[in-house]
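Take a look at these structures.
Heads up, the next two complexes both have subunit A, just with different partners, subunit B and then subunit C.
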Partner chain A sequence: MTPVAAGMDIGSTTAKCILLRGSEVVGKSLNPVGVDIVRDAERAFELALADAHLERADVGFVTGTGYGRYKVQFGQLAVTEISCHAKGANFLFPKTHLVVDIGGQDTKAIKVGDLGEVVDFAMNDKCAAGTGRFLEVCANALGFDIGDIGPLSLQARHPVKVSSTCTVFAESEVTSLVSRGKERNDILAGLHGSIVNRSLSLMQRVGIEAEVTFTGGVSRNEGMVRAMESRLGQRVNVSPLSQYIGAIGAALMGQERLEAAAQ
Partner chain B sequence: MSETSATSDAPAAEAGFLRDGRELQRRMVEEYYTRLASAGGEKRPVAYAFVGGNLTEILRSFGYEVVFPEIVALNCAIKHKSLDNILHAESMGYGLDVCGYVKNDIGLQDQGGTTPFGRIPRPDLLVCSFSGCYVYVKWWEALSELYGAPMVTYDVPYLRSATPWKEDIDYLVAQLWEFIHDLEKRTGRTFDLAELKRVLAESRRAEEGWVRYLESGKRRPSPIEAYFEAIFYMFPINVLRGTREAADFYDIVNAEVDQRTKDGVGPVPEEKVRLVVEGVPPYTNYRTFWDFFRKWGAVSVAATYPKVGGLFDRGFLHDPARPLESIAEYSLGAYVNQSWPLRRKLIESYVKDYQADAVLIHGIKSCRSFTAGQGDLRDWLTHDLGIPTLYIESDHEDPRYFAPAQIKNRMDAFFESLEHRRAVGPARAGVPA
Partner chain C sequence: MITCGLDIGAGSTKGVLLEDGRTLRATALVPTRGNPNAAVRAVLERMVEEENLLPGEIEYVCTTGFGRYGYLERDLQVSDITASARGAVFLFPGTRHIVDVGTQSSRAIGATETGRVTRFKMNEKCAAGAGRFIERCSKYLQVPIEEMGPKALTAAQPKMISSVCAVLAETEIINNVAEGVPIQDMLMGIFLSLAQRTQSLMRYVGVQPEVTLVGGLVHNPGMVRALENTTGLNVNHSPTAHHAAAIGSALLGYQRLQKLRAAPAVGG
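Up next, the complex of A and B:
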């Protein structure tokens, strides 16, 4: 039987695990990351194994990615999430040549080659402005659940213009808009637009392509997807597995190692 | 995790290839600061100068000890002392955006000028060689106010053509004569042209040795690290230029480098990536940053930063036969004094001449003079020339701007993509050949 390769994407907010056999995802998991990253990685692996009804011994290769990639102590390889997102996006959307990944604490635009390799990339600087964390703080400030703000932003009638994407000042920015009598949905639309503008400048740095794939936790937000499509003037690919694309890429890297070892 | 060294986050072993030259440089630094501690006053007056386009030869010929606050600042940074000075300057009212060199210096001076490597004497004269940086004048004005020391300005026009204009050289030579007459009045000494020529001859000898060292990066594999190692060897060429010790130093270094070539010793066990590096290094995290290169077998074969004191490898050398004219040309040619089209051409030529695989740009928050334009440089190298280029940013003095996880992540991803490009070839990697 084809051996299973595991991809572990240990990000700043969540740990994701994908178990891949050939081109089939046989198991997956997603759990929050706390202070004990080693344990969180272990937990993600166990959850995915349970999801796939597999044992550890069934997994032939484990690859770690994300900021916590070195904390996957049972892994055999560590690769950056930039390479893994490129690989994973190419696997799901073979014609895509631009990936925009908005995660918990950073945003990346990755130009991808035909083989799923990184041709060029640009990232936000070290502050977390305009990332998932920014949306989370804004949602809290407005009294919404993070999962609800995307659809609500689509109900805006008069989106406000928000220029700041600073996570630290997000709360005071939102409070100031509320105190000026702005509708919460309109504020949300403005916040979504400001993130898109920020990520757009990164995409332009590497070059906009005909087929764009949106990945990372923020891609689960429908409001963000629509705002990005509107700004780009084109559809963007979003997979139901978009949050797992880094883990898929990591698993594919492991699969290549397994294939090379078998030859 | 059993994995390749390139993907391990364990620190790389200290570079064991640095031997005699590094030891000698260390001693020269110690001796210099020891000597400075007793300088000052009429007998051994102290002049403060900037590195770029400096007039150290003329000052030396009048018996001045020359202090370079930029170099003091980076010595503080590499010894993890810059943040204390920066915070002190900020408590005095200097803003977050002010240059880290300035804040380190002002903070240090306001606390008495004592560093772990010696006491920095007060200036008797502040010489502002206004070459490439527009903050210099304000910095010197602040010191002039702090110490009541006189300040003179040497106004160097920006260089926008590969060959300096005659009008610019005439303008600078006229200023140099003014400067010399001013020094005669200040010191009561008569200008000694023969002494200046003697000092310039030592400068020339040091510059030729330094160029020879830098150009050994063309060898494959490179026996030198043209960024991290060259940072050490910039000290004699920038601080002690014009002395016999500085000139002799490069003879010793070059003998060591030749021996390395014979022995097959270099900055990494196996050279995998040859880089041209642009920008000022993050001195506060110098070793951590170097480790990020070494893990991937990446070696800087050429770099622009070691040229901030003078672009000697492109012919801007001092010449005892043309003393003042060659000082003028040297000042014009300092790296940051050059326009962006000239800087871009220089980097392009380094990539070609040194057979580099890629360019790494390190921008610093402190310095817009050096950094403004680096984003365009990255885009031009990547998109127009097809040279893989990474841009990362932190600071040279302020450790608060150095985010190791993010910087390492970007560098790892960049080196991963280079590895892939090498494995499949540029054409298949989807990038211009």
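Up next, the complex of A and C:
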């Protein structure tokens, strides 16, 4: 039987694990990352194994990626998340040439070649503006759960522009907009628009392509997907597996190693 | 002749009364709390009461700061850059460089011996490097703001912060807490990282001694030490320097009033 390759994407906020056999995802898991990253990575692996009804011995190769990739102590390979996102996006959407990845703590635009290789990328990992953290902080300030704000933003009637770039200042701005009687949905639409603008400038740096794939935790937010599409004037690819794309790419890298070893 | 200077800031509203452009008669401070008008009223009431003045005895009111346009009964408004420089030179006549770390923005200002601004650089886009960052650290480290400075002075091995973003620094500090880094080391690291951000503003302007710190951080010995260690310079500061911009605006108000009185009446 084809051996299973595991891809572990240890992000700043969540740990994702994908178990891949050939081109089939046989198991996956996602759990929050806390202070003990080594343990959280271990747990993500165990959860995915349980999901696939597999044992550790069934897994032929483990590849780590993401911010915490070196904390995957049982892994055989660590690859940057940029390469993994490119590879994973190419696997799900073979015609995609631009990946925009908005994670919990950073945002990247990656230009992808025909074979899923990285051609160019631009990244913001210095500042929380334009990342999932920005949305989280502002959602809290409005008293919403992060999971609810996307659909609510789509109900906005008169989107309010949020002028602060800095997350901390945006938080105060949101509070003062509420006290001035602005609708919370309208403010949410403004916040989503602000993130889209930040990621757009990264995308423009590498060049916008006909087929764009949106990945990372923020791509699960429907309001963000719509805001991105209307700003770009084109549809963007989103998959239920979008949040796992880095992990899928990592598993694919492992698979290549297994194949090379078998020959 | 009594002139009043009001510095309506994002965090607090400061007021001073100045007699004949020379003597500081009263100072007051209240939190702005998003309501500048209420804050201004409270500041004025407190000073008038303290000095047993009749409301009419304040002859001229000059506002400055973020909320300077909000007080409609003002006679004059001036920029906080101009006002801070004037106020700093009033308090420390040797001042040629002013550092003002406010709640929401920070600035470095070069000034002449008369307190005229030669050059300045400001950061108002980002909370890293502003007082808001300290307020947030106080909250999640659960150390009251006024205790942060003295505690930081006991640091043995300051733990520097690598993030340049206030939000990402928060995560970094929480990780440091989990790793058992002593609180005083984290506090000093916070002030040192703020001092580094301030230093880059100062360099842009060109540092010339004497350097005077104005604004709320004058009460924070940790920040003063961090700034002195980072720049290698002595930093003038005093509790009154918290009111430097208000003092400067009272002075500018005084000068304007004198000019108005000296000018011949128009139209007889």
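What we mean here is this: the second predicted complex is superposed on the first by the 261 of 263 C-alpha atoms of A that agree within 3 Å, B and C clash if a C-alpha of one lies under 4 Å from a C-alpha of the other, contacts with A are read in each partner's own complex, and residues count from 1 in each chain.
Here is the rule we use: a contact is a pair of C-beta atoms (placed from the backbone, for glycine too) under 8 Å apart; a residue touches a chain by one contact, two chains touch by 3 or more.
All values reported here derive from a predicted model rather than from experimental measurement.
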Taking subunit A as the common reference for superposition, should the pair subunit B and subunit C be classed as clashing or as fitting? clash
Considering only touches as defined above, state whether A:103 meets subunit B (first), subunit C (second), both or neither. neither
Let me test your reading of the model: by the given contact rule, A:11 touches which partner, first (subunit B), second (subunit C), both or neither? neither
After the superposition on A, what does A:128 contact: first (subunit B), second (subunit C), both or neither? second
So in the superposed three-chain picture, is A:167 touching just subunit B, just subunit C, both, or none of them (first/second/both/neither)? second
Partner chain in contact with A:179 - subunit B first, subunit C second, else both or neither: second
Is A:83 touching the first partner subunit B, the second partner subunit C, both, or neither of them? first
Per residue count on subunit A, the busier partner among subunit B and subunit C is B
Of the partners subunit B and subunit C, which touch A:75 in the superposed model: first, second, both, neither? first
Between 3-11, 147-155, 201-209 or 237-245, which subunit C stretch has C-alpha clashes with subunit B? 201-209
From the superposed pair, tell me which subunit A residues show up as contacts to subunit B and also as contacts to subunit C. 126
State the interface residues of subunit B toward subunit A in the complex, per the touch definition above. 1-4, 7-9, 375, 379, 382-383, 388, 393, 401, 403, 405-406, 409-410, 412-413, 416-417, 420-421, 424, 428-431
Touching residues (chain side subunit A, partner subunit B) in the complex: 64, 67, 69-70, 72-73, 75-83, 97, 106, 112-115, 117-121, 123, 125-126, 205, 207
So, in the complex, the side of subunit A touching subunit C is made of residues 12, 35, 105, 126-129, 133-134, 137, 165-169, 172, 176, 179
Per the touch rule, the subunit C residues reaching subunit A in their complex are 34, 104, 125-127, 132-133, 136, 163-168, 171, 174-175, 178
